[in-house]
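After this come two complexes, each holding chain A, first together with chain B and then together with chain C.
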Partner chain A sequence: MLKNVLIKYSKFATIAGVIFVAVSLGFNLKGQHSSDLNSFFADTLSTQDNTEGLPARNSDGADLNNNINAMPIYGNWRNFTSKEGLPDDKTYCVKIDGERVLVGTHEGLAVFEKGKWRTYTTKEGLAHNGVLAIDVSELTGDVWLGTMGGLTRWSAGKFENFTQLNSGLPNDLIYSVICDGKDVWVATGGGAGQYDTYTKRWEIFTEQNAPMHEPWTYGVCEGDGKIFIAAWGGGVVEYNKKTKKFRDYVDPDGNMEIDLFPDDGVVHDITTGTSWADGYLWVATYFGLSRYDGVHWKGYFDHDSGLASNFINYIIAQGPIAFICTDKGLSTTNGKNWVTYTKNDMDKNGKAVIIEGTEETELVMSPSISHNYVLGVDVKDNVIWVATSKGISRGELLK
Partner chain B sequence: MKTSKLIVIFGVIVVLGLLVYFPGRKLARAHVNEITAVTDHPLSCTSCHVYISQNKLISKMVNADYLSPLNMAVSNDGSKLYVVAQDINELIVVDVEKSEVLNKIKVGVHPHSVILNEDGSIAYVSNQWSDNVSVIDLAASIVVDTLKTGNGPSGLSISTNGKFLYVVNTFGSDLSVIDLATKEEKKRLTTGKDPTGTELSPDGNVLYVTSRRANFTHYGEPLICDMTLVNANTQKVIKYTPIESAHIMENIAFTPSGDLAMMTLVRPKNLIPTLQVEGGWMMNHGVGIIEQKNEGKVVQLLLDEPNAYYPDPFDIVITPDGKKAFVSSSGVDRISVISIDSIRTILAESSPEKLKNFSNNLGISSRFVIKRIATGANPKGLALSPNGKRLYVAEQLEDKIAIINTESLETIGSINLGGPIRITVARKGRRLFNNAGHTFQNQYACYTCHPDEHEDGLVYNMAGKDMGRNMTNTQSLREIGETAPFKWNGKNQTVYKQDGMRFSTVLTRTEQFSYKDLDAIVSYIMTGIKYPPNLLYNPNGELTESQLRGKVLFDRSMDNFGNNIPENNRCITCHPPPLYTNLELADVSTLATTDDPILFDIPHLNNIYSSAPYLHDGRAETLEEIWTVYGQDDKHGFVNDMTKIQLNDLVEYLKSFRGPEYENSDSSIQQASTYKSN
Partner chain C sequence: MIKRNFWVLVIFTLIVMFQGNELIGQEKDLKYGKTPDKFAPYNNFRKAYKYHFLEPVQFYGAGREKLPPKDLKEVRLGFLGPLEGSAIVSLGEQMLNGTILAIEEANNKGGYAGIPFKLMVHNDVGLWGAAANEVVKMNDEKVWAWLGSIDGIVSHVALRATLKMEIMMVNTGDPDPTFTETNIPWTIRVISDDRQSGYALASYIFEKMKHERVAVIRTNTRYGRVGIMEYSGVAVRLGHPMMIEERFDTGEIDFKMQLESIKKVSPDAILIWGNAKESALILKQIRKLGMKQPVYGSDRMVSPEFLRIAGQDAEGIVTTCQYNPDADIPGLKAFQANYFKRFGLEPDVFASHAYDGMNMIIKAISKAGLNRVLIRDVLTDLKTFQNYQGITGKIILDRSWNDIGEIWMAKVQNGKFKYSASPTIGTKRHSNTNTKY
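So, the complex of A and B:
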């Protein structure tokens, strides 16, 4: 009896083992292939911000309706560090607000306006000098700042702070903030929070009342009548604003650091950001990138796409283009084609690697972005701003 | 009958009478002493059994429904006056020439302001206690629409293109921008605290919104009150102009040329001991001037004089020629007339340092105030005829409109709006409450620290007779009748005591109220001050899920770990409904080094959401801070086992508390109802 059982299960084990080995080989070969292609194309073109020969594109870098596969390419980088007036080289986030640019740094909020930087800190009323997230209300013009010590509303020069001690804010450590009409959403170390600026009410969402693994939330975005929360260890939590119901999207593979079955769901449960645009939900993790069209998931990794690194700090999508901030540079993609901006280790120069289908080209940038550890990005019209661990970079749409 | 028999009978009656009188009087004295908590109040049964009776029949008989005109608008041709009658929820249409009431139009609850559209065919009335604006077709004299607003709408303005209505939401501290085409609120902008007045600059580009409350500060820091400036084109806030050491900015007006904006304001000296009253300027009252050039420089000038104060300035209007401004000094029943050219001279000739010093200069008013015109009781809203030759004054506690000739500066007429002729005891009390005549030099009225019979959000140094400084957070007077004892230390068991001898000793520094006046003011405070409805947090009595969870926490006897919470450390023990106080004293571990060693009166909690800051010395900016910052030892209720969600739920529940009248109402919707206005 025992012998029969052992034989039976050993057959299953053998079959399962063969399948596992085959899949693993497939992955390894696929990664190797991609890597080879990258190195091949890397040698074929090297120009210096020379856009000759690149596909023509319209003036709005992010809205490329004429050619859905075309990718905007940015160059003419100009970098700002503490030498140029930033309060600190460590920049966490950036937001373009009309004629000014707001930059969250480790030492306060830096505002670039009319060619000059001005810094606002706790002395002026900021909740904390570490500014991790910024959004601007389209309705009111109020600036909402997520800091390491609370949420600040900066309205017409006046600072008002919401903390976990003086308000219903879930937690003082705020990773992400967005304005959604009259509501302000925050992703914090103690759950996601919704603040209704009309009723002055807070609502908190944690593992106690939402499908989260734990209350640590990293990102929040709005789209399609829903709020998407990047929940640490909980994948993406979707909140339907109409029904007030939750659902979650988790990695079907569990917490494994490889994506065992491709495109079966979000690539990992430890998510760091979400962004919704053009019918797509983009999800950033420390283990790769995911895109969801409402039916199908698609995963992207550094070994099988133009993604600079699987370690993604932040993501924002505008139109068909996603801007992905990683620890090894800034990548942009429309899901098919890629442009990745990096800086050389030893000098200020760098390159943009452009992948269109199977073609890869390189564009030398001099200078390139300020640093490869990219934490934030914002794009408006023909200008891109990139927040890095060593300063902030301003780029312009080429051609 | 023989004379001797008559004498005997008479003697027996006298003896019996004396036998009854002396013990009876002694008993009556003891009874009155007990009821009033003082030993000197006359043995007058009516004081308690009539004037402050809660019996509906008696209340109906002794009180009356007054109109209480507050604000006004004048028709484009100047023939009609539209008067907001706050206590009867009506807009009264008045024929100015005939001085007669033409019509009364029912609007929402507790209306505040009225404004006409450009052609004068439509009136918009803000209804502060129903969170909406009534749209009135003036030709038909009917309400044709109701526009939803934020919480506590008051001041109104219309964009120059006539497309947008700006509504100041006093309770919500924001501004609703209403699209008049879609009739929907387009957006809501954050303003200063408790905004009321608003005025569009003559060029139509900037909307100014006044604030009544100062921003929160801990005691010892100077006050800052915000004037909110909104770009009328982008409809976004462009500036919060800080108005220093001032608050209660009720209204604002522009000169026709647009060079000056002028607002009414009060300058409280809350950082000095209240015993300073006899030294003068415990409170000052004046106008703020915002120059449109010089980057909006702000100057404050006092309307007060060294030995005569002009408290509670409410409204301000400026004549079309830009020469005169009129301010209703509602605490002394006067209109202060200002020469604007004199103010321009002062601004032009004075150095910045001098101008700054003028904000505390009691003599400066002689340089720009050209006359004080007496009015009826409690002048509030002002309106000028289109040609600027007539000034109309809403005499709120007279139910009349005074007419003043703006050239001769004489009162030339009065329009009786048709309120009750008799003055009830409570009405008399309301007049006393709003009048500074009982305070040394007329420095302030009860209303000054209790605007709208509520509280001013400030902390005062009451300079206790012991060693303490006794920082005291002003308490609301809304529906306090059943919540004795009073004061934070609970030393005043009745309002008779609170407003009697001690009141004059500590606060007014004059003769104490006569007993008739004391009866009147007690009657008003005990019966005439109502809660506004809690439309923000509990509009219909149905608690939200969060509030229901909070109620469970409020009522709980076990903590999150299943341990018993001692009875004296449960919320419900000290704050039982319907008043949410057990009327006892308690130690919640908040005694400060500046306090005399005392226990604190357990406050009632109805409408607690509107009474920030919290605790006896106002140290807690928000309800949350009572526990997150000042209640960490679990002596003010057992809360430290709670999660953040639970604390939020508890706070949400506390914010749902509203007046018992609403809880007992048959209607599920708060209408703040039909009470005798007094």
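So, the complex of A and C:
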């Protein structure tokens, strides 16, 4: 009798023990502090570094492996600083406008056209020399500049300024500007603003008429008939253009110091930018990246994905690819595979780290992007421009 | 077979007994902001996927290579505070005085390499979102670092702007816990925040004084809404969620409606979270309604204005305070004497912390030179100014650059605030008893 009982329960205990250990290890591997997982990848990488048969590392990417087709790779970088004609090394934003490129710097607007740079400052009519955001109206071709001292419209060679004192602009410090048909949207230090270029009327959105905690906005984008506002401390505020109704998306755990679950919503309420493309809303924060497909959220951190850093300055999505400007390099992703561009600390060269699933490879870039602190990016056709803390970089599609 | 399974059972039991934290994804000390484990959100239920603020976020941008300008006539430093058009102008003026005193003393010692410091003063109340515009002005004025502000909204708006301008901001007056929970590597806070106040108050109220049923009346501003959050969270985790939470607006003078609601629930104690004036009026009206419960309050009640308005009713009130004027701290008495001599009044919490904060900026410049990024590097390296001996006490920064230094309890006795150490937080286990709500 005793023997039977012992057999019965010891079998049960064995099975339970195996399950328990497996579950425990599983949890450990999935958490933030999964050093085992990280070291596993590190080991894989270091092993690959010494293994033949991997894609060759060169500057033109000609020998890239076929299994990275899903992600575009950029290279042949060319860098521009004040030595090459920029008004300042510190560049905040970039916009490709047909045959010319517009670059917002700390000391004015730089325009690259026919191989030459030309600078525009307050002397020519800008509201402020610090140009933080740029967009171009598809309807009129007007250039809209978000500056540190107001909104500037550059139209037919003339500059027109909108400030708190002469218009309905919510605040003079403009972090983001977009053109949406006849409307211009801005995210400012005092709320979001919508300017109707036909009626010349402003509408201001703050915590008093929108679901924001406070009137702090940092990014704005359009997509799917909606305006998405990155509300600092308030997650993402969605404005439906048809119904004129708002809703918000916040981190469900309600705490600043943690992210309880990575895929339950925006990874943090301190949002810095949004971009909508291809059915996905991408949300940048200083704590990681989120993607929303209209039903499910997905969170990405630097410890569990190819994201260069959790500190994201800016994001723009085009088609299935998101271009993510971080303080440690430029990352691109389709949500599954990653390419991250960085520069070496001691020289002008750098690399592109390509991650497809658990496979990680590197391409040497010579030169690489101008600086790892990336503040802005724009992509058109086969060309990418990257605004950094020390100069701007132009890259070409390799594959 | 039996023997083998027996040993498997033994091993399994040992694993369960000695698993510790390793198997549940916990490798680092996750205490942020001096938070005891049991006060940490969700900690009693599960570990979070990601813990923030465990390591300081560094600034990886360019700028360290910039050489200092030549032929400077003055070294400009910025100040942002409520100086006009605000309900807290008196606090802003004290903060400005403390800043001025630090700069004058530094200039008397030769300034920076013989170049005098000059304070560029900015009011944070004005046009909508004024703080953002004022930071831009400070950038245009080419200040090397700046100090401010008090209001939570102002400080947040300014913080975001200062990241973009890349100017170091030293905050000495805003206790909003979320201020440093933004991961922005361009600020430090040199005053304990409402997380520390909330922990101290909750420990004092629930653990030391053994209250169980506490009502709250708070200002409708961000100071009240965000300030009360940490206290509220701890109260819940100790098993004593607030019985009722009433609110009031700045400038309100009649609180009868809110207080009658509180009276109906017969709380053990009442906590007021607001500015000095409204808090004093609320206190008087509490007593006028015949309510004799002990009353506790937030840090802004520690002011002459509160004592003047509340009068005798102030006796026995207990609050937290980030400044102990009676403490035996090196340099404190000299500061108080010099301040009184210069401005003709006693320094308060905002003056004293501003004095410490501006002195830290000045020392950072003397070490790093005239380069904004290098000044930032020195102030945030968690070495140079870790345990810095200020006249408010030792400055201890956590990894989000939030001051987790000492905080005091202030109790009104014989018409004056008497200060004592705050209780050690988190000694009590969770309550399993029904607190009879």
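Note that in this section the second predicted complex is superposed on the first by the 326 of 399 C-alpha atoms of A that agree within 3 Å, B and C clash if a C-alpha of one lies under 4 Å from a C-alpha of the other, contacts with A are read in each partner's own complex, and residues count from 1 in each chain.
We adopt the following convention: a contact is a pair of C-beta atoms (placed from the backbone, for glycine too) under 8 Å apart; a residue touches a chain by one contact, two chains touch by 3 or more.
Since we're looking at a predicted model, the values are computed, not measured.
> Could you look at A:G190 and tell me whether it touches chain B, chain C, both or neither (first, second, both, neither)?
both
> Would you check which partner chain A:N171 touches, where first means chain B only, second means chain C only, and both and neither mean what they say?
both
> Is A:T243 contacted by the first partner chain B, the second partner chain C, both or neither?
neither
> Please indicate which partner A:D253 is in contact with in the superposed arrangement: first for chain B, second for chain C, both, or neither.
It touches chain C, and chain B stays clear.
> Could you figure out whether chain B or chain C reaches more residues of chain A?
Partner touching more chain A residues in the overlay: C.
> Where does A:Q208 make contact in the superposed view: on chain B (first), on chain C (second), on both, or on neither?
So A:Q208 only meets chain B here.
> Considering only touches as defined above, state whether A:F261 meets chain B (first), chain C (second), both or neither.
After superposition on chain A, A:F261 lies in contact with chain C alone.
> Given the touch rule stated above, what does A:L139 touch, chain B (first), chain C (second), both, or neither?
first
> In the overlaid three-chain picture, which partner chain does A:N372 touch, first (chain B) or second (chain C), both, or neither?
second
> Is A:T358 touching anything from chain B or chain C once the two structures are fitted on A? First, second, both or neither.
The answer is neither, since A:T358 touches no partner chain.
> Take the contacts of chain A with chain B and those with chain C, and give the residues found in both.
Shared contact residues on chain A: 164-165, 170-171, 190-191.
> Write out the stretch or stretches of chain B touching chain A in their complex.
Going by the criterion above, the answer is residues 150, 172, 174, 187-190, 226, 229, 234, 236-240, 536-537, 546, 621-622, 624-625, 628-629, 643-645, 648, 651-652.
> Residues of chain A touching chain C in their complex?
Residue positions touching the partner: 3, 6-7, 9-11, 13-14, 16-17, 20-21, 24-25, 27-28, 30-35, 89-90, 92, 128, 130, 132, 148-149, 164-165, 170-173, 175, 188-191, 214-216, 218, 232-233, 253-262, 267-268, 270, 286-288, 301, 310-311, 327-328, 371-373, 388-390.
> With touch defined as at the start, can you tell me which chain C residues reach chain A in the complex?
Listed in rising order, the residues are 1-2, 5-6, 8-9, 11-12, 15-16, 19, 22-28, 32-33, 40-42, 46-53, 57, 59-63, 127-129, 131-133, 135-136, 139, 153, 156-157, 160-161, 164-165, 177-178, 181-184, 222.
> Provide the residue numbers of chain A that touch chain B in the complex, in ascending order.
139-142, 153, 155-158, 160, 164-168, 170-171, 182, 190-191, 197-204, 206, 208-209
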